[in-house]
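Chain lettering (A, B, C, D, E and F) follows the sequence in which the chains are written, and residue indices restart at 1 in each chain.
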Amino acid sequence: MPKKKSEESKSNNKGAVRPDGRKVDELRPVKMEVGVIERANGSAYVEFGKTKVVAAVYGPEPMHPRHLADPEKAVLICRYNMLPFSVEDRKKPGPDRRSIEISKVIKDALSTIVALEEFPKCMISVDMVVLQADAGTRVAALTAASLALADAGIPMREMMSAVACGRANGKIVVDLTKEEEDAEDAVDVPVAMSSLTKKIALLQMDGDMTLEEFEEILNKAEEACSKIYDMQREALLNKYEKEGKEVNINDE
Amino acid sequence: MMSSKLTAEYVRSLIERGKRLDGRKLDEFREIKINYGVSEKAEGSAEVMIGNTRVVAGVKMDIGEPYPDMPNKGVLVTSAEFLAMAAPEFEPGLPGENAIELARVVDRGVRESGAIDLEKLCLVEGEKVWVVFLDIFVLNHDGNLIDAAGIAAIAALLNAKLPKITEDYEIVRDELTDPLPIKDIPIPITIRKYGEHLLLDTTALEEDVLTGKFTVTTKINGNICAMQLSDGMSMTKDEVLQAARMARDAATKIREKLFKDKLKELKKA
Amino acid sequence: MPKKKSEESKSNNKGAVRPDGRKVDELRPVKMEVGVIERANGSAYVEFGKTKVVAAVYGPEPMHPRHLADPEKAVLICRYNMLPFSVEDRKKPGPDRRSIEISKVIKDALSTIVALEEFPKCMISVDMVVLQADAGTRVAALTAASLALADAGIPMREMMSAVACGRANGKIVVDLTKEEEDAEDAVDVPVAMSSLTKKIALLQMDGDMTLEEFEEILNKAEEACSKIYDMQREALLNKYEKEGKEVNINDE
Amino acid sequence: MMSSKLTAEYVRSLIERGKRLDGRKLDEFREIKINYGVSEKAEGSAEVMIGNTRVVAGVKMDIGEPYPDMPNKGVLVTSAEFLAMAAPEFEPGLPGENAIELARVVDRGVRESGAIDLEKLCLVEGEKVWVVFLDIFVLNHDGNLIDAAGIAAIAALLNAKLPKITEDYEIVRDELTDPLPIKDIPIPITIRKYGEHLLLDTTALEEDVLTGKFTVTTKINGNICAMQLSDGMSMTKDEVLQAARMARDAATKIREKLFKDKLKELKKA
Amino acid sequence: MPKKKSEESKSNNKGAVRPDGRKVDELRPVKMEVGVIERANGSAYVEFGKTKVVAAVYGPEPMHPRHLADPEKAVLICRYNMLPFSVEDRKKPGPDRRSIEISKVIKDALSTIVALEEFPKCMISVDMVVLQADAGTRVAALTAASLALADAGIPMREMMSAVACGRANGKIVVDLTKEEEDAEDAVDVPVAMSSLTKKIALLQMDGDMTLEEFEEILNKAEEACSKIYDMQREALLNKYEKEGKEVNINDE
Amino acid sequence: MMSSKLTAEYVRSLIERGKRLDGRKLDEFREIKINYGVSEKAEGSAEVMIGNTRVVAGVKMDIGEPYPDMPNKGVLVTSAEFLAMAAPEFEPGLPGENAIELARVVDRGVRESGAIDLEKLCLVEGEKVWVVFLDIFVLNHDGNLIDAAGIAAIAALLNAKLPKITEDYEIVRDELTDPLPIKDIPIPITIRKYGEHLLLDTTALEEDVLTGKFTVTTKINGNICAMQLSDGMSMTKDEVLQAARMARDAATKIREKLFKDKLKELKKA
């Protein structure tokens, strides 16, 4: 497929390590904003390069339908969705098998840090919408979801930051683009890590790698998640400063 | 948005005196903002904010078959979804009757106004035409969704370009060529009513207090190209005609403000 | 598409103002009958020319599922459906986007006249089935639904009558046929009007018209709705006379 | 139809004495009426009333591909729906198991009797054949739905004509040509049981009191072409054989009464 | 369609009455085993020749969703399903119209023998899965279901045995194969009969036959069902012997 | 499987002492059995039992179009269903998120390991390729479903043969030819955790007591080709690496035991 002009010139950029000129452990330009959906209890917008995601949180509120309530803790509901025009070939609206799986692993990851036990019989809903997709949508969505939960004041034991690392064109790199994901030798490892205890809560993988490469990827992911966490803190502080609210990040 | 009875009464008493909670006049719009190109993967896209209401629309182009009774015309397919994130009362799942109604009202405005020059979207008569997928999503609901959706729709269409196609009619997604041929700028304006007072651009709170709505979509030349009265409101003939005039005038103002350049170009042609 | 013999000869009918020989403000032959579905609480059959519709009413009865009940008034449920063989190209059975929209605007219109507040926590169901379609199915369905509600003894503040007016072949006309709807310059404006206060409760539009044309269309629609209302009254009286029941039309 | 326990007992006690609420004998049908051509848009249609039971069936013809294992035969697709309007106990939505069963029993009767000469519906072997869509709707339910549906189905098929087709196999919808080729007149007859008493043409009230049903569809020559025992009834072998004979005899009478002319024509051929 | 080697040689088998060498009233090799699904309350595996079916029973347990409970008896739920790879052309997973009808007639048949009235407000679920299909899947499934219900200790007034009889290649035969079902003159009559009172509770038919042929088919079916019932008893006894449990067949 | 609190505590206390209810070591598998060819109608099939867990997988081959971006490769379509019969907690209906996850994890293992030589399944580049339908069903659930499903999947693929095709690319279903070309034997191994203890091959009872799972699929050469951490478990980096090594070692053993011949053949090549 022919490349767009801008990308062609970038890939001619001599000395550049990656197709878009980044170093192996360099994130794409990241943008984060908290409080973008007024009606929601909490919300966030996250950009990883050309990947753009909005997340919004409702709850805790009484679970409905009621017979699905858990008497011991809140039910966490996560919905990840791509808009039809967020990808090259129009995606039919509504959930598919891929988005059901991604919603599940995001829910599983967040359930390790959200204090669900404080809200028995309740539900907490996290909606994530991908506006534009250029790889890494699930990790951007999880990063945004974590911000939106904090913005909603939902008690969390720590924050969660996520990034995809892997291999492309012979190198172990962080935050792959779609172009890198399409490389012959690509390995894609989305990783989510908690901010305090550094526990991995989301980990998937596509590709073919040795255990040694895996270790290197995990190390790079840890570093990258730390950087992302710093940006998450800043985004939250920005909002609270604007609003003059007290900061409410549970892990500080 | 469940307003208390007290708020409801206050809102109504204000309207009776020609006033509104946020200080606007009854026929005054909130500020409208447009961000073009919110998704580079779309052939065209736009985000529209009216006050806190936030709607995004995107255009994807595909090659498909024409309708048998219109063999030389492109095809328009419009969908809309009220995302669960947009309001606590919105449920996830398939679009409900309100989202379907919105999509169909916006679709009729675009279609009947001839906004898209569908004949220019014919590639091989009776066999291959461009299919325009127009998808609309409500991200945040603070009232007046149809107007926001209609403006987002036409903005996304104005933002759209045709992708390149090979000789075998394969689409080359990332090489865009000419703009989508646009011939008109239909704007839907929705009127709500309290007693004999007609309001424009209602907020979610106001809509919770008032019952029913009447949408009138007009073209550049002031002609009406779509109407929809619904949600349990009834009007006298005179009210209907008054509302239609209000809608035409408000649409003219919005067109001048948001689509000035295109308007000039179209009026010249 | 080639025309049927009968229609061809009609359109040769010299001096005729419209393809089927009608005057601009002339309705097609109308047939109405009340009480056609024995199991229903109320029902009606309506023919506008070749458009044939049956409507039936059940209720008021306790709302189910119960959690959808409204504590302040009855929930009105309307279902408009076309039989697969009611149109030229077979329609797949079941609701589609068009029928969902039509069901909604019919419900919205009827809810302005039915005394729903008298039956909190209840439901009233109106089913409308199009047997044969030749334009104007939604207005025929709404006219039949209004009859069926009256037949069921559901309290209504007034009756509702509906017709489609518009433009075809350069003229403002009432009660368009499919052939007229397919005219180059066609404008289609379905209108429903209440019998006493003359309020418009359904109003949609397809096409391109000036405000002046719209006013003329509304005037013609008002006149036509009055005629249809007279026929509705007659159909109800016919049934009650047969049955020796007392007449129960709330707006008289 | 929820009958009171008292009514139920009364109905049962009548049956034990060989009698019924409406005065009919146990093996007596209510009056059957047929209106042909209820939808001119259909290629064929018929409304059948048995007492207050009211069923409408319509035929639409399309051109499609044959089944791979029957490359030279047309295709029959039968569906049935119990409309929500037909009885308070019917729910709207997708056809339930009862409607599906009815459609499949009627379909088997039509199919296995060879009623439609499917070989004459082949246009291009292995490529293009006529597809016969047979859609059945219950408008009012007062019992004996399968028999009413089966009679409506064959009546609609007898009423059906093939639309004209162009040389490119495009259908010209409003120009009808030859009748659909029909070779037999299958009639399903449903038997219900109380104790050792077998009943025909039960009303909704009777069906509420009795459990289970046995349908036997027979051809002009008296052969059986479909059977279905269901709804929780069991019968001895002798009862089954007796019921099959009753069904054959009742079908013969109905055929003579309702389809006399076609019957003559088919018997001659 | 070309035949497999094994079958070709069989059909060359001189003097053989049927394509696979069986006599007209000979069943295919039957295999039955009880207690094959550990988590279920009762289960069974049945092979009729190349037709292989597993059935499992859960319940009686409280009906859910609760509003569907019957205050006077247990609700019997039957689900018959073919695995996608149990037939020549892959079957899409999930129920279709055919499987919904078969599930219904199996449920209707079993409801004549299961003592549902002993468990008001409860549900009893019977799941049947066809692993490999060579005709007669519904009768094999019903035979297995009956075994599984007995294995689960659900009280039954009698057992139920089922077989398909019919006509193929000019002869009235029992237990047709797919090859016989595909014969020009094939008639297929699935029959289920209760073990004690010899009542027919499932009876369907495809084809074209005289009343006389039908009588012969019913006679052959009765005989075949008796043989199958003997095998069902044996399978149950086998299991109980192994387990040292007391035998619990209600009709003995 | 709802275990009582007492059982739960007992299971946990055992694990803390490195023991399990059924006497196995923490990293010990139950006996694994494979029945090949459970459905002769399938192009390949296998039933796998790990203890009381019972999973069946089948392969059906069809001819279809390749993905546009891989015009010279066959297509793999994997589905999985937890049959309602397999456990009281499984509901009938469409596959839920757990079944979808299982199917996708097994699919990624097969796909990313290159187990199927998809290029050999191309018939006409860009037009006709073999489509491999791999369908997995859980018949009885006693834990460790992903591993059982993954082993059943590769066993069914190893059992599969291509059906004969005519010159016009019609499939001759009952004449099988060459085996499906298989290049690797991916084995998924799922690790569960209690405190710092890592367990393999958990039973349904154990899974009820423990939270979360981590699946690592490895190839013959020990490389990882798929991973999935889920169900609400988090691990340190060291635990993850330890688990990956455990998975590789366990997979090697299982491969040696169950697929010895094929393994030799592949190592030779």
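Here is the rule we use: a contact is a pair of C-beta atoms (placed from the backbone, for glycine too) under 8 Å apart; a residue touches a chain by one contact, two chains touch by 3 or more.
Small disclaimer: the values here were computed from a predicted structure and weren't measured.
Visitor: Note the shortest touch-path length, in steps, from chain A to chain C.
Guide: Counted as steps through touching chains, the separation is 2.
Visitor: So if I look at the partners of chain C and the partners of chain F, which chains show up in both lists?
Guide: none
Visitor: If you average the Cα atoms per chain, which one ends up farthest from chain B?
Guide: Relative to chain B, the chain with the farthest C-alpha centre is E.
Visitor: Look at all chain centres (mean of CA atoms) and spot the one farthest from the centre of chain A.
Guide: Looking at centroid distances, D is the chain farthest away.
Visitor: With residue numbering as the guide, point to the option in A-B, C-D or B-C that repeats A-F in over half of the contact pairs.
Guide: Overlap exceeds half of the contact pairs only for B-C.
Visitor: Can you check how far apart chain D and chain F are, centre to centre, with Cα atoms defining each centre and the answer in Å?
Guide: 49
Visitor: Measuring centre to centre with CA averages, how many angstrom lie between chain C and chain E?
Guide: Inter-chain centre distance comes to 52 Å.
Visitor: Indicate the whole-number Å distance between the mean C-alpha point of chain A and the mean C-alpha point of chain D.
Guide: That gives a centre separation of 58 Å.
Visitor: Find the geometric centre of each of chain D and chain E from their Cα atoms only, then give the gap between the two centres in Å, rounded to an integer.
Guide: Taking the mean C-alpha position of each chain, the two centres sit 28 Å apart.
Visitor: Chain adjacency by touch: line, ring, star, complete or other shape?
Guide: ring
Visitor: Could you read off the chains around the ring in order, chain D leading and chain E following?
Guide: Putting chain D first and chain E second, the full ring order comes out as D, E, F, A, B, C.
Visitor: Which bits of chain C are touching chain D when the two form their complex?
Guide: 1-4, 37-40, 43, 50, 52, 54-56, 58, 61, 79, 83-90, 93-94, 125, 127, 129, 131-133
Visitor: For the complex, which residues does chain F have touching chain A?
Guide: By the definition above, chain F touches chain A via 97, 100-101, 103-104, 108, 112-114, 212, 214, 219, 222-237, 240-241, 244-245, 248.
Visitor: So in the complex, the part of chain E that touches chain D is made up of which residues?
Guide: My answer: residues 97-98, 100-101, 103-105, 108-109, 111-112, 189, 194, 197-211, 214-215, 218-219, 222.
Visitor: Which part of chain F faces chain E closely enough to touch in the complex?
Guide: Touching chain E: residues 1, 38-43, 45, 52, 54, 56, 58-60, 62, 79, 81, 83-88, 92, 94, 133, 135, 137, 139-142, 172-175, 204 of chain F.
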